[in-house]
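The following pair of complexes shares a single chain, subunit A, combined with subunit B in the former and subunit C in the latter.
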Partner chain A sequence: MNFSEIGKPRPRFEGIDQVTGKSTYVGDMYLPGMLYAKGLLSTEDHAKILEIDTSPAKQLKGVRVVITGHDIPVNITGPIVQDAYCLPIDKVRYRGEMIALVAADTEEIAEEAVSRIKVKYERLPAVFDPRDALQPDAPIVHDEFQGTLCNGNLILMHGHDVSRLVHGDVEQGFAESDLIVEHTFATTPELGGAIEPYAVLAQPNGADGLTIWAPSQSPFANAGAIAKILQLSTNKVRFISPAVGGAFGQKAGYFEPVVALAALKTDRPVRYTFTSKEFFLHGSSRSPMYLTYKMGVKSDGKIMAIQRTTLTSAGAQASVGILITHKGGFMGAGPYYSPNHYAECRVAYTNKVPGGAVRGFGMAQATFAMESMMDIIAEKLGMDPLEFRLKNVLCDCNNCSPTGENMKSIGIRPCLEKVREMSGWQA
Partner chain B sequence: MKRRGHGVAGCIYTATVPGAPNPEAANVQMNDDGSVQIQIGGVEIGQGCRTVICQIAAEALCIPFEKVRVYNSDTGVTPFDMLTASSRQTFVGGNAVLLACEQIKKVLFDSTAKKFEVPVEALDIKPGFIYIKDHPEACLPIEVAAILSYYVFRQLPIGVGQFYPFNTGQLDENMQGIPCATYSYQATIADVEVDTETGVVDVLKIYTALDCGRAINPLLLQGQMEGGAIMGLGWALREDSYPLMTRVEGVHPEFDPATRPTSFADYPIATAMDIPDIETAIVEVLQEEGPYGAKSAGEIVHNSAAPAIINAIYNAVGVRIWDLPASPDKILKGLKEKQQLEIA
Partner chain C sequence: MKTTICFRLNGEEMEIAVEPNLTLLDMLRERLHITSPKKSCDEGDCGACTVLLNGKAVNSCLVLALSVNGQEVMTLEGLGNAQNLHPLQKHFYEMGGSQCGYCTPGMIMAAKAFLDENPNPTEEEVKEGLSGNLCRCTGYIKPIKATLAAAKEINEGK
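Moving on to the complex of A and B:
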């Protein structure tokens, strides 16, 4: 096929403007009469909220509105299940959770007002590690969703405590194996690391609703969520994602509904620009996982069975943790063929910042475990680890994935052969 | 002592949100001067989707890249985008734009057929022109076909494309089925040097090869691959937003949720000082459902660098890292344990 344009190495349209500082980010935007917002973030990992006294903040000159969870028409949201409070009322579930929002004439006044809000907490025991969260005496993160969204801290996936993958018969595969290896791996909560902290600008448009600017990766989903929370129709929320200073999955919306409400209540544009510190503490990170992989192989290096057990820490909200766990579950055996697969995947609430989508989404964690296993097994078999991989890659003759899909256009073999050639690989 | 080693890792990654319908739409309008404006809901997050979408439209409509412009991610103006994630944009956005471009081409062909008084089937398109197949000298510049469409033959060259990936759906209770529209593949080799006195790992070189189907824009792909490898390097060796918490042997006794990193000063992503030479290669295994055979690239590029580095550390010093990151304390601890084992 002859192309005139496909395959041309074009630089990005926005590239020059972004690296020379000419792009307009939400934090650079200004509208006449604009107010500045600031949030009060929880200093507790897990605590009952006994009282929020906003009156000292409201008395400060230049403060236009103070918003708590009581002011929000529908104070619950979430991308997959509805378990995230815009602003929590009864308890905080992680350090950094936003409890109240102030909009004021200047950023300094807003900051001062936030510092005057008095919150009385009753500290509760907190749980951080998902293994601890599954212990019978573990503190429960969401008491209110027992049996509906979770059992204890286990988040229900399609109504079940555990999501299973069954393909072939792993027990038979292990029985036919000459070598069985089992190990457990753990991954860390990696931040997306976007350089631009999150920011939201909301402008009320009278009967037309409002316009929101934010560097979000999901403007349509955000507009829908804001409409639901503020009880507007979706066509009254115009959401614009302008220049985005890096996202990596970390920018799927944070506090737009609260800033939008502040704009509607004051009938003034309101902008909230996170500081770097706020973005680090409040921004989502890669959901950490524990992964136990058990694999059976023949002495000639053929994989016979792959059994996997994973446990994800979702943080204080399910967010996309269910999907991440699911994806690591069905693709977690990597680009290799095995006649037999079994997987059990679980995801638990913990008192941490809700994990989110970070580039690699469940598969980064699984790839670390699987590729470590491939090397460990190759060494035990006395095989070159690259040859061991080539022996087991998905290919046109062994193209069945763990989900039973017959894969096509499979490029793993040429990729492995290419890097072997490029690097002059010698085992 | 400094010891060198190398490690390899492969990976697979999907495009489209698993089990979801993944709808995507595009509006494409050719103006009466032959220039084209596209509206898509997708967000430009540095991956280059605006540039790639313009390349796809320019190819489809046989017009120069410079004549295409994209306006995006404004829910009041642009058509629906499910979300810019799951490595979707080239695959679903590209297909939606192609469908819209087909409608525009049909209008331009109709107008040209009327102008030349020939059947539509007698026509073909080449860069800049629509022409009569049997008489290639009889050709009409595309911008002329556009203006004739607007004001003479009364049909606007506007296309509305909507795309749903085929066959994908929810997996069954045993997680069996077809979850996603397409799969990409990558392999990475890392060369490292480990300082056995300090436990510090220096990544010397990364070789990486990516199969994401047709490379619509090889420069942006190279950027993705380099960026992904650097991000993976940071995850392998340093990054942890809850330091000391995630450990295979149990949460570290010194873990304190109150002391989390609050800026890039105490959250050490890889900087120019840490980044090795990265040699990239593109392997094209085309998928017919993708735009011009393209699959996806945005996320897969992150995933194989970390395990390749971890495997290279083992190859260098015989220390297996069970939990990330491979920080100097873990490597020194591993070296010590290995030494004690050898003595025993």
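Moving on to the complex of A and C:
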């Protein structure tokens, strides 16, 4: 088949800039009088902060400002629920959490100043696994939000402990099945691994407020958060997302408000460029999940029931973990038809770096579990795994999704058939 | 204590005083504001900072600025510009060899050093030649094809 556009390279709009080295990423920007920022990152997983002594850092020549949580006008933020401290005051909840920020004449001075800040911690027991986090004696990550944002470590989703999806009757489906298979899968917290580490540049503009440059995927949400945190009116915060050196969901804003405050306090531009190590420590990862899938099938391969229980580790902040848990819940049965569905999804705080979107929003975890189940069941049935899938894909006759939508233009069958033909697949 | 060094950067004589621990990458970026060499891992793993030192590809984060005294350094800025693209730049542009663009300067410079040494490579050799440059967007296929297309164009032009 001949297409006018498909299969033909389309030069990128910014391609010439990229191949000539003219694309400007935040780390490439230098403003007159610009200061360099560095953050002090927690070396503890979970600890009370007894004291932060910034005076040795402040005494260092070339240090222009040292900021701690006490300096932040409204020290709480978060994309869905407000549970993230710009800089924590009372305790740290994960290793890599930023506690203080220094802006200095050079990056070397800022690094030296950070190393001179003395933090007295009182180590607390930490919890890393979301299953452990739900035990009655588990260390509590957020004591201050009990009953409002969480019960124990279980994060409330629109006020509920659990997000449930019910369609048909799985118990009846299992009763009618010839084979029932159950497995629990665990996924890991992958990083997007963008080659450009995160960076923020903030420039104070006097009465005009601030301009902030960061490779963010959420510039408008970030601008709103900065305005709220610094108590500025939103028209005083201009947020520019210039060239972004790969994001994959991981660049939705990190420490812009703190860098912006440093710029306001010094009345000079301030840039913070993460090292790769800092980005790996502090950057959000794909939220790890436990997924228990139980499926019932007829001996001819027809799926009768899909029951799923998932538990997400949000890390120390809910961040977008609530949405990821929901989405993994309602999309987790994949492109397959079953007359009966039941899903129960939970999300828990842990003393880990807050999770987030990474190339997908809860679906990667759920798809891994579902497709693994499809292979396991096909093997138990002695069926070709492709045949087993073709027998169960949503189609015009069985087009009802687990959420009750009647799907249209379902392309999965012709797609799988084409792949079978082109790959020469033989069971 | 600073030492003054002289070197050629993209064909021009440079003179600059540098500290003994300053890397070539930091000198180019922070002192001279030559920003096509990118800083990512800063320990020689990713290749984003690749420049040519006397025609050979090096990770500029692993080269001390002092050591380029009397040497010849070339960055992507010296390879070509929008009006006069080098064949590698042209084919990376036309064939989708760049996506986010962050690894692109290092990758093109690595490809340049590679083609200078091996003007008529096989696809396998190109893969080996670019193996020191990490990319998270393209999946490498298009940079490899662009490098092969550039090799062809350079050879036909001779």
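Odds and ends about this structure:
Everything that follows uses one rule, which is that the second predicted complex is superposed on the first by the 410 of 427 C-alpha atoms of A that agree within 3 Å, B and C clash if a C-alpha of one lies under 4 Å from a C-alpha of the other, contacts with A are read in each partner's own complex, and residues count from 1 in each chain.
What we mean here is this: contacts are C-beta pairs under 8 Å (C-beta built on N, C-alpha and C of every residue); 3 or more make two chains touch, one makes a residue touch a chain.
In this text, all values refer to a predicted model and were calculated from it rather than measured experimentally.
In the superposed model, A:27 lies in contact with subunit C only, and not with subunit B.
Contacts of A:197 after superposition on the shared chain: subunit C is touched, whereas subunit B is not. In the superposition on chain A, A:299 contacts neither subunit B nor subunit C. When both complexes are overlaid on chain A, the residue A:17 reaches subunit C alone and has no touch with subunit B. In the superposed model, A:389 lies in contact with subunit B only, and not with subunit C. Once the two complexes are overlaid on the shared chain, A:205 sits clear of subunit B and of subunit C alike.
Of the two partner chains placed around the shared chain by superposition, neither subunit B nor subunit C is touched by A:399. Look at A:135: by the touch rule set out above, it reaches neither subunit B nor subunit C.
Touching of subunit A by both subunit B and subunit C, each in its own complex, is seen for residues 9-12, 14, 193, 195, 243-244, 246-248, 276. Considering their complex, residues 6-14, 17-19, 41, 43-46, 48, 50-51, 54-56, 58-59, 62, 65, 70, 73-76, 80-86, 127, 171, 173-179, 182-189, 191, 205, 207-211, 213-220, 228, 231-232, 234-235, 239-242, 245-248, 250-251, 255, 257-258, 260-264, 267, 269, 279, 281, 283, 285-288, 292, 295, 298-300, 302-304, 306-308, 310-311, 314, 320-325 of subunit B touch subunit A.
The part of subunit A that touches subunit C in the complex is made up of residues 9-12, 14-25, 27-28, 30, 107, 192-197, 243-248, 273, 275-276.
By the touch criterion stated above, subunit A contacts subunit B in their complex at residues 3-14, 45, 95, 126, 128-129, 132, 158, 163-167, 183-191, 193, 195, 211, 216-221, 223, 237-244, 246-249, 251-252, 276-277, 280-281, 285-286, 288, 290, 313, 323, 326-327, 329-331, 334-336, 343, 351-353, 357, 359-361, 363-364, 367-368, 370-372, 374-376, 385-386, 389, 393-394, 402-405, 407-412, 414-416, 418-420, 422-423, 425. Against subunit A, in their complex, subunit C makes its touches with residues 29-30, 33, 35-36, 38-42, 46, 48, 75-77, 80-82, 85, 88-90, 92-105, 108, 134-137.
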